[in-house]
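What follows is one structure encoded as structure tokens, with my remarks underneath.
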Amino acid sequence: MTDGDRVSFYAEMQALRAAFQSGEEPPSLEIAGPRERLFFNPRQVTSAIATCGGLCPGLNDVIRSIALGLHYLYGVKRVLGIPYGYAGLARASAPWQELAPAAVAEIHHAGGTILGSSRGPQPIEDMVDALERQEVDILFVIGGDGTLRGAQRISQEISRRQRSISVMGLPKTIDNDIACIERSFGFETAVGASRDAILAAHAEARGARYGIGLVKLMGRHSGFLAANATLATSDVNFCLVPESPFALEHGDRGLLPALKRRLLARGHAVIVVAEGAGQELIAAHGEPHYDASGNLALGDIGVFLRDRIEEYFKRITMPISIKYIDPSYMIRSLPACSNDSAFCLLLGQNAVHAALAGRTNAVVGYWNQQFTLVPIPAAVSARKRIEPDGRLWQGVLQSTGQPDLSGSGL
Amino acid sequence: MTDGDRVSFYAEMQALRAAFQSGEEPPSLEIAGPRERLFFNPRQVTSAIATCGGLCPGLNDVIRSIALGLHYLYGVKRVLGIPYGYAGLARASAPWQELAPAAVAEIHHAGGTILGSSRGPQPIEDMVDALERQEVDILFVIGGDGTLRGAQRISQEISRRQRSISVMGLPKTIDNDIACIERSFGFETAVGASRDAILAAHAEARGARYGIGLVKLMGRHSGFLAANATLATSDVNFCLVPESPFALEHGDRGLLPALKRRLLARGHAVIVVAEGAGQELIAAHGEPHYDASGNLALGDIGVFLRDRIEEYFKRITMPISIKYIDPSYMIRSLPACSNDSAFCLLLGQNAVHAALAGRTNAVVGYWNQQFTLVPIPAAVSARKRIEPDGRLWQGVLQSTGQPDLSGSGL
Amino acid sequence: MTDGDRVSFYAEMQALRAAFQSGEEPPSLEIAGPRERLFFNPRQVTSAIATCGGLCPGLNDVIRSIALGLHYLYGVKRVLGIPYGYAGLARASAPWQELAPAAVAEIHHAGGTILGSSRGPQPIEDMVDALERQEVDILFVIGGDGTLRGAQRISQEISRRQRSISVMGLPKTIDNDIACIERSFGFETAVGASRDAILAAHAEARGARYGIGLVKLMGRHSGFLAANATLATSDVNFCLVPESPFALEHGDRGLLPALKRRLLARGHAVIVVAEGAGQELIAAHGEPHYDASGNLALGDIGVFLRDRIEEYFKRITMPISIKYIDPSYMIRSLPACSNDSAFCLLLGQNAVHAALAGRTNAVVGYWNQQFTLVPIPAAVSARKRIEPDGRLWQGVLQSTGQPDLSGSGL
Amino acid sequence: MTDGDRVSFYAEMQALRAAFQSGEEPPSLEIAGPRERLFFNPRQVTSAIATCGGLCPGLNDVIRSIALGLHYLYGVKRVLGIPYGYAGLARASAPWQELAPAAVAEIHHAGGTILGSSRGPQPIEDMVDALERQEVDILFVIGGDGTLRGAQRISQEISRRQRSISVMGLPKTIDNDIACIERSFGFETAVGASRDAILAAHAEARGARYGIGLVKLMGRHSGFLAANATLATSDVNFCLVPESPFALEHGDRGLLPALKRRLLARGHAVIVVAEGAGQELIAAHGEPHYDASGNLALGDIGVFLRDRIEEYFKRITMPISIKYIDPSYMIRSLPACSNDSAFCLLLGQNAVHAALAGRTNAVVGYWNQQFTLVPIPAAVSARKRIEPDGRLWQGVLQSTGQPDLSGSGL
């Protein structure tokens, strides 16, 4: 069904050389793009779009690109918007919306999603029933890890029923942590907005004697946003991410003593913490539990750290002033920045190409300068994480000058 | 000592006519500006600048304008920056800083205050001792209500000691609530940034079924920021300010039932609440107490409302999704917007003119298109508040379409 | 017909005192607001809105506020948008547009005018014919000096025909130069955007040896925008406005020798010039002529200055690098900033109040903290200009440190 | 000297497979990063930094990253800033500046270059003389194509003199057109700012009957900026780039007739043109000539197009309103956006690693997710250009809906 080339997962020569010499080609991803043969007859296609999970900059850009691409590139006349994600697909609580070109032309200027969203799993059968009832041929699902797993199950149920409905995923992760996908939409916008929060924390920190600015950023399993925002501002003294565990206080090691030294030396400090960092430190405070989407519910590391810091300095009778900033809702609800808008446009066009060619149970990704098609099972098989020895984390360490906070020396 | 005109407090003709016919002139304020006679010899003057209380956009602009004005307009050579406000003035914990032109030329590009700040009262005698020790002739104090009261006491102590040190206040209030002062620096910047928070709340609200976006803005006693931000976005459905008490639930009246009706009708809602609103509703939850600056410590109306809203809809088994945004630290730490920068420049220049002319125990204000000099006792005598019948609040009611929330009909 | 108070034109006590003592009250302006008695029956009213002349930030806000105000405050059902200003009113080249609430709810997020605009006078009779044909009761016209003169003539023609059509003006001037009106919408937005252009000019100037950044800003007769933008950045070395004539070169006086001295001393320079400045210098280059709106067509002072500067330094063999920036189209097409949006909302509401009360041949203004109603003849009788001795221009001179450039010393 | 891996130039599997099967490995680039062995003793190193050519967002970020990297990563004590690029290197017209950490810590908040820049070639011998005189061990040069050719010649002259001075290039091109380099700093910032210019053009176009907004963007040989900005706004109807020649008018084909059709159908149009587009159309108007940097001096396609459009519609007596916007100076002088700042930081760190390891005559690039070291001869051997069949240009065509403008059908 594909007539395209593939892109190598690895581009490093040592790995490539070894693979080809061994006779086994390196892992690779299908390159996306228009296909010579279509599976569906565009004139007769009904397609539907749903957005699931939390907000992310660019959602409306992606909706718009799919709707306009279907209409203008292929002449698809019936494009439906499903209200409130999987919940709206499973239960017909609100009417589905016609997404004619005029209805979507200007939606990318606003943040959020015009379709509404929801969290959590829904009965697969109900959702496939609804697709059949609405005579949907192609379902576009924009969402994260849990959403894509749901799409996979919808796709399996469709197979079981021997129907030919395509399910095409568009990966949404403001954490930029989906495997096999170099860049996810909204991430650049989030880095830009995170800088504003860090500058605010920096101004607050400098505005008081022993002032501390603490910023919590998104990043459940991976600290890409925290790391890039740290590199972007150069005002961060401690960057805490899930990939690099830290201790609070082991004698004179760990975060708190290092923070004290920084304050004594420079009078103020800025800390950026990814929401998934330090979870093991919070663990004693309660049982792990899961949220509606089936994600592990995280303890609030921002509030936790703020409280521990206040306790510590109270204990050592050093008067501090700490300001805690949680900009998450203000970041994820932004309209996409210019680069993200352009990226979303191409992403949506490639999803349209793939779906009309009959591809299903796949997501559109980006890797080594190519838009790609990634099977959903591969995309949800693992998470992309910061490599402690890679240039990103080394750049962070060089930028912050932060010491080893693991406390492991003890 | 003054050679200037005054500006009438009232400009409405009925009031003016009545005053002049009665033989008593209407209250008026001294117009600021350069004076023919100086009290101090600029070449021998030592001046010092302190910033007190919370951050506000434009602090660095004002510091810069005073320092450059002293230097370039009058040739004052010795301008000192006092670290960390009254605390730094009372206790010599950090060295005072020379504010030569090169040291302040670019500071307005950053938010916060390069001098640092602190909250709360300090021993008046210690502060005056320090002024004498440093041979300060003019003290510029940038701060709010509590700070200006402190300046007044410093001024009284100086009189008691029969010294001729001028104390010149520059009113800082992001709430824009100081009496006799039409406009305070930083307020416009805050209105602009508040709009971003409201747009975020709006995107979050629309992104979920029965979605609610709740934004808490600054405004301890007056809701000017909440009201203006509401007018600026047109996406707010409920604007809650200290001047207009509201009930949570009185039968089918009050905020919660009105919110339910809005959600059922439109699917989402945005609420903006000033931090000082609804305090009487929180009162049952604890004793009122005072913060370090002597301001009444407010209960957190944002968290309070969020919790009451969640309880209410749980009780009536209506599934909502509420997102609470508190952008305060991100707003008050911004650099000044363009208009505020220009305003700060003129404000600082007028403070310099007044101080060198020997004025003391006064603040520089703005009224009816004129920069003015307001005696500190007048400025702290009362607060400016929104008039319920005035055009601002009527505009808010028309923009939100919110019903009477007082619950007083029962 | 009015039940309101008036606001004194002057608020200075010396002027007020003199007026009342003489028995003649000072000039005053009617305060705007809702009136007890309406002239029109809102249920039967047809109103129409037109935008004329160049773009200005806030046009869509004003259109929106009028349309929503008519609908929600008074229940007016028929609100029409006239395409392309007076041209569209005079010639029915495009259909008029229904401005129902849904059609205008989101228009303020974009710059420009959804109605389109046009320049220049049109046959008055044709326009009034169209108003009669469309059975318009109230015409709202948003435009500048020329547009308001047109509104006045339309109003006179309506009187001549003994019709009761109200003509209500909303003053648009990005130059903020309309008499009796303290603040015009879009001006603050323009000051903000002008700062960006000046920062660009500053970066370009510092980026080269003897680098010069030259920025032309709006301001045909008045330099308010240039002056405020200068105060807002503190990077401007020469601010040139229509109110303060300057010479190019009179011996060692005038702009060019002063520019040379600045370059030799500091290595770079930034010049801001209002478009109406220095016209007498260009005059020798051609006959004055008028544009389509009947405004005096200005010579391009930006290009003129750039060329004279290049000639001068070529002549004295001093190698410079000059970068000329004309940001006008990028500024006037912006969406309104937050404060301007709030201002536009109240402005539009007051226009609606006035029109339904039957006021005609008037504009809504703002003066001494009050929205006002100004007769059009008064508004177009003169222009507001910078006073050379006032605090604004003195602040500019202090900020730039520019010498007397008049060359009049010779 | 290197201990690193390489990254394959191609990542497409078909190309890789063919290469390895043929026994010849595909072309590849050295991966940048810290090296085990240093060539220089950091404690004794003197390094110098120069910025050449036009401004680009991120210049100060790169200067800062190099200076801080040398200091904090390797302990290099002597880092000098060369004023005004090659001109300042060739002629000691201004003193070189010490770039200690405190001097560069905050420079990235401003656009431009704190070092100043210059254009055009300088005598190679004079520049190497100066390097020897200042005892420079490592020269960092930040500049474009012409600058890198200069760096190559400096490097050759150093070899000829048998000196061991490293010359390390950092590629600066707001056009993002340097061969072998996927991403150049400042490009994302430029895309973001270009969107603002296009939105302005769109507002102007919609604001008049038959309104045309024309925006000229950077792009001498490659239209990447124009193409990406077009994708980012979705308001562009014609995107003109050097890679895709167009005709003005060939019967009813070419830009002008297509523009007429667009205006008649939709009432307005937006055109984006890269500065290097359509040069063959301008050619008849004059001889090609070269600018100070040796780049082919381009005819001004923006002004040229504006004039041809006005002529054409005058000829066919169709009244249009065209607004021409040239935002170049306002874009290139911006501070870097958040992502560009982070990118510049890593770019500078990698340049420092490479230089201390003794690499010379190379630039730091980015390819397939890796920072790389590219020999200068390779980097200047060709230009990266938009592929007409690639996803970028296809996306542009789909976004604009523009017809074939080549006129080649005749």
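By written order: A, B, C and D. Residues from 1 in each chain.
Keep in mind that, in the parts below, a contact is a pair of C-beta atoms (placed from the backbone, for glycine too) under 8 Å apart; a residue touches a chain by one contact, two chains touch by 3 or more.
Note that this is a predicted model, so its numbers are computed, not measured.
Of all the chains, the one whose CA centre sits at the greatest distance from that of chain B is D.
Chain pairs C-D and B-C differ in how many C-beta pairs are in contact, and the one with more is B-C. Here the spacing of chain A and chain C, counted between their Cα centres, is 46 Å.
The distance from the centre of chain B to the centre of chain C, each centre being the mean of the chain's C-alpha atoms, comes to 30 Å.
We define each chain's centre as the mean of its Cα atoms; on that basis chain C and chain D are separated by 39 Å.
Of all residues in chain B, those that touch two or more other chains are 110. Residues 109-110 of chain C are the ones that touch chain A when the two sit in their complex. Chain D meets chain A in the complex at residues 5-8, 11-14, 16-17, 20-21, 25-26, 28, 31, 33-34, 64, 69, 72-73, 105, 108, 182, 188, 191-192, 194-195, 228-229, 231-234, 337-339, 341-342, 345-346, 349-350, 367-371, 391-392, 394-395, 398-399, 401.
On the side of chain A, the complex with chain B involves touching residues 55, 83-84, 87-88, 93-94, 110-114, 116-118, 196-197, 199-204, 206-209, 211, 267, 323-325, 327, 329-330, 333-334.
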